[in-house]
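So, here's a batch of structures to check.
Consider the two complexes below, in which chain A is the common component and chain B and chain C are the respective partners.
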Partner chain A sequence: MAISRFSYANVRVMDLQKAIIHYTDTVGLRLVESDDQRAYFQADECQDHHCVITTLSDRAGIDHVGFKVNDPSDLVEAAEAASAHGLAVRDVPLGEIAGQGPGVMITLPSEHNMLLFYHADKIGYAGGMHNPVPGVSKNKIGAKVSHLDHTLLSCENAQPTVDFLTEVFDFSCTEKVVDPGGNIIAAFMSCTNTMHDLALGPGPNGTFHHMAFGMHSRGEVLEGVDILKEDEVPALEYGITRHGIAGVTTIYFHDPSGNRNEFYNGAYQSPGRPGLVPPIIWDVENFSRGAFYYEDAVPPAFFDEVT
Partner chain B sequence: MGLKHRGILRIAYVRLGLNDNRLTQSLNFYRDRFGMLESMRDSERAYLRCWHETFQYNLVLEQTAENQLIEIGFHLRDEEDLDQLTDKIEAAGIEVEQSPANEPLKGMGRSIAFTIPGGQRLRLFADMAQSGYVTGFESPDWVTPRELRGTAAPMFLNHVGLTSADPGATIDFLANVLGFGLSEKIVSEDGKTLSGLLFRMCRDVGGQELAIFPGEDGHLHHIAFTKEDPNDILIIGQYLREDGINIDAYGPTKQSYGNTFSLHFFDDMGIRLELCCGGRNIDAHPESEPIIWTESELARALSYYDSDVNPGFLDHSL
Partner chain C sequence: MTYQVKLQHTGQPSVTFQCRPDQTILQAAYDNGYLLSSTCLRGGCGACRAQLIEGAVAELAPMSRFHCQDPVSGEFKYRLLCVASVASDVVIETDRPWQTRRKNPLSDRLPG
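Here is the complex of A and B:
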């Protein structure tokens, strides 16, 4: 069948305890399990085991991104297709990552590792699976994150990865930023009916730009900003803003190791298969309005700071 | 390669037949007050779309002797899916009507239509003409177009609610034959399925494209459209009321069932509409588990903010 979800991001952190405090008390995720090397978190409105893994390391950045397929035979097929494209592939056995079944790790042309897997253990929605409390409990600590929405990975040339994701993994490109020569500066790729599950932007290969947490309202993004300020979390100087690209409400901030996070609210919908709708094209002249709609300027740190 | 999203990709449109001379009253509602864009008009029909949509229509209106839900349209990946689903539907013992391109609706490729166990007609197709984004495709402003401000200005068609005498049978057909997943259901004390929410893919405002409620076969319960967030819906509720539009007794509420923030109201013909945002986050995977509601919790499931079940809420509206 196909890739059904952007499931999780495994980010490297230099201090596991600080990461746990950040992703629970500030971001508002549930801590599912942890040991001295890794911690696993899930948002309130997801039923799988985790949407974020933090792995102890000597540097920040992205270890890998996890995508779920909805047929076990997809794993064999994906591995063969990736090998045929000359990409490195390795099997990830059951037990290497808690809370999920075996998978295949594929190194994309952008030098990011993408793990495909079929099975995730279920922890249920935070409100329960039977007669649940809707919305967020009054006892909730941290921001009102619904789910992990998307990630943006940085690379020197997005084109080969865009091609691979489109042709082999059936991603649609909803919007892209191009230079005057038509080369892709950034591409927003969806494997579902969302605006993007995986985006690619400029930077050194294999680096991490951000992961975004979805919220149900602009009001919850605002509340999230208050929590960031109270917790003295370093955030982008623009505070809350809107992306021209996708037209969504957003704020960027960093975890204690410097990995960028985003709170995000938007209703954008995409048609679900590549090539059906032509992508929106942003030219360089309009890019600053696309990135930051109100400010119409991009702070240099926005692209310089990747992990 | 088989790593493709196959089958139904998206809910495309609702087609209504209305006893409305030259569609004057219904266009006044859906275009001028509700805020949809008129993509095409001919002597038989008006084709309307939501402002964020590139495909030519989300709502088709045509003049008929009696008000009726004619059909709901779903977009498939390709012609191969159309053939495969034709075989599957016929194998389930359901008669399939084949239609050539541009019949009965303009701008559509070859299609099939059939009646689901609950009595409503669905149409499946793999190709629909696009009007293009009203914002254009080049460095757009993703902002509600000025001419639509002050109306509901829905962004997308979100889902359609249907009534069914045997909801369980209808849900089984939609899941087993058409490939829908079930995000939530309501069960009776003896375990019978009374209602279900069915979806095809993960979305940001999602968890349902079809909602099946108990009731008479063949009817429409409501049509729901997407808005950005509750703030929008609260403000638009004021515009609708100012415009004399009949708001459902629930008013704006959190619908625990489906996890949306919703406002239900009625068009001038009495058809129930909904603006919604949020929604259950779920992925199209065989291991995804539905939320289960028990009938005794119905009041809280339908509206978290109201203490009584609104007596008319489960009635069909067309």
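Here is the complex of A and C:
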């Protein structure tokens, strides 16, 4: 059984039209399809049908995160393993979510829903699939986002979810923040060669901290900030900064329903067999430097306010 | 046309100011020198949640129902001031304290 990669985030929004304008004009994703309940978006450098779904709701937050598996038979194995671990599992039939095959929805101990699936319809790269145009088109609208990189989900105690993801789904923990008693405050979990595909941080169970869009350079993050300012998008008080954790250049901002987004660049690669590469450890008294390296401080609202 | 907003929070002296029906209570507070707790400014995160004690408010944009609920009982309890405006004079109890803001910090430094 193997999860091949993080695929998409399905976020709840309170105004679908405003969400479509934000994720296309500002963030720079392609609108793939939409109806009166959902809109599907994809970044320029992914072939699959979507990397973001926005679902109309009476609240902001995360509906579920989607991960792809290597083989259709992995879905059966994953469902059995999650059930044996005591987690709620349900089949998601073909057609429930556009652009992808059937899957299994697993409710993690953190009360977040994780959907595993095998097949995704292909829409191709933005530059084309036959004699393509390399690089970013001169007609590009919005920020130069290459892909959706990861989400940070909030929960009261990350340990049971970290245990499940590492012991059952073969994730690696690349970095973690621990208190003096050894309890996990935050954990950065990877199922690929990237530093994190899914992170867990402090907050009420089932809540959404952010999803991060990857870019190719620090310069593109700076250009992205200019677009956020021009479009009057609310951003974190620090503006552009650097995380000590992963060392990335970053800015946080909010979609029209208040869901936190991030533009970022510069995470390291983390190859290695799951469980054999030790994680970086941050003591909680150094967490401010790990979170915001230049400021060495965390604004209280950064973890207090989630959607 | 404006309505009066009275803000209160335990341990803080209450303050009053005027708010137009086309602006958010958060913005009117800011314009009058009061910095309310806020983060997303889009009705999603709940940082600006407050209880309506008297009067009526209007929603200029949707409020996340998750953050309008009491976290324990689930009852509808809070309004989010970043997207709420006034439909009458109101009395509001904020969940978080507010800070005061100097209105013209630069002009204070300019020579007379």
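Here is the rule we go by: the second predicted complex is superposed on the first by the 304 of 307 C-alpha atoms of A that agree within 3 Å, B and C clash if a C-alpha of one lies under 4 Å from a C-alpha of the other, contacts with A are read in each partner's own complex, and residues count from 1 in each chain.
The definition used in the following text is that a residue touches a chain if its C-beta (ideal position, glycine included) is under 8 Å from a C-beta of that chain, and two chains touch if they have at least 3 such contacts.
Everything numeric here is computed off the predicted structure, so don't read it as measured data.
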Side-by-side fit of chain B and chain C on chain A, or clash: fit
Touching partner for A:60 - first (chain B), second (chain C), both, neither: second
First, second, both or neither for A:141, with chain B first and chain C second: neither
Larger contact residue set on chain A - chain B or chain C: B
Touched partner set for A:297, first chain B, second chain C, both or neither: neither
Touching partner for A:305 - first (chain B), second (chain C), both, neither: second
Partner chain in contact with A:234 - chain B first, chain C second, else both or neither: second
Touching partner for A:217 - first (chain B), second (chain C), both, neither: first
Which superposed partner A:192 touches (first chain B, second chain C, both, neither): first
Shortest CA-CA distance between chain B and chain C [superposed frame, angstrom]: 28
Chain A to chain C touching residues, read off their complex: 14-15, 58-61, 204, 234, 254-260, 301, 304-307
In the complex, chain A residues that touch chain B: 1-5, 45-47, 68-71, 74, 77-78, 81, 119-120, 122, 124-125, 129-135, 146-147, 149, 168-170, 191-195, 214, 216-219, 244, 246-247, 265-269, 271-273, 276-283, 285-286, 289-290
Residue numbers on chain C that touch chain A, as the complex places them: 37-47, 61-67, 71
Residue numbers on chain B that touch chain A, as the complex places them: 1-6, 9-10, 52, 54-55, 75, 77, 130, 133, 137-143, 155-156, 200-206, 226-231, 254-256, 259, 261, 277-278, 280-289, 291-294, 297, 300-301, 304
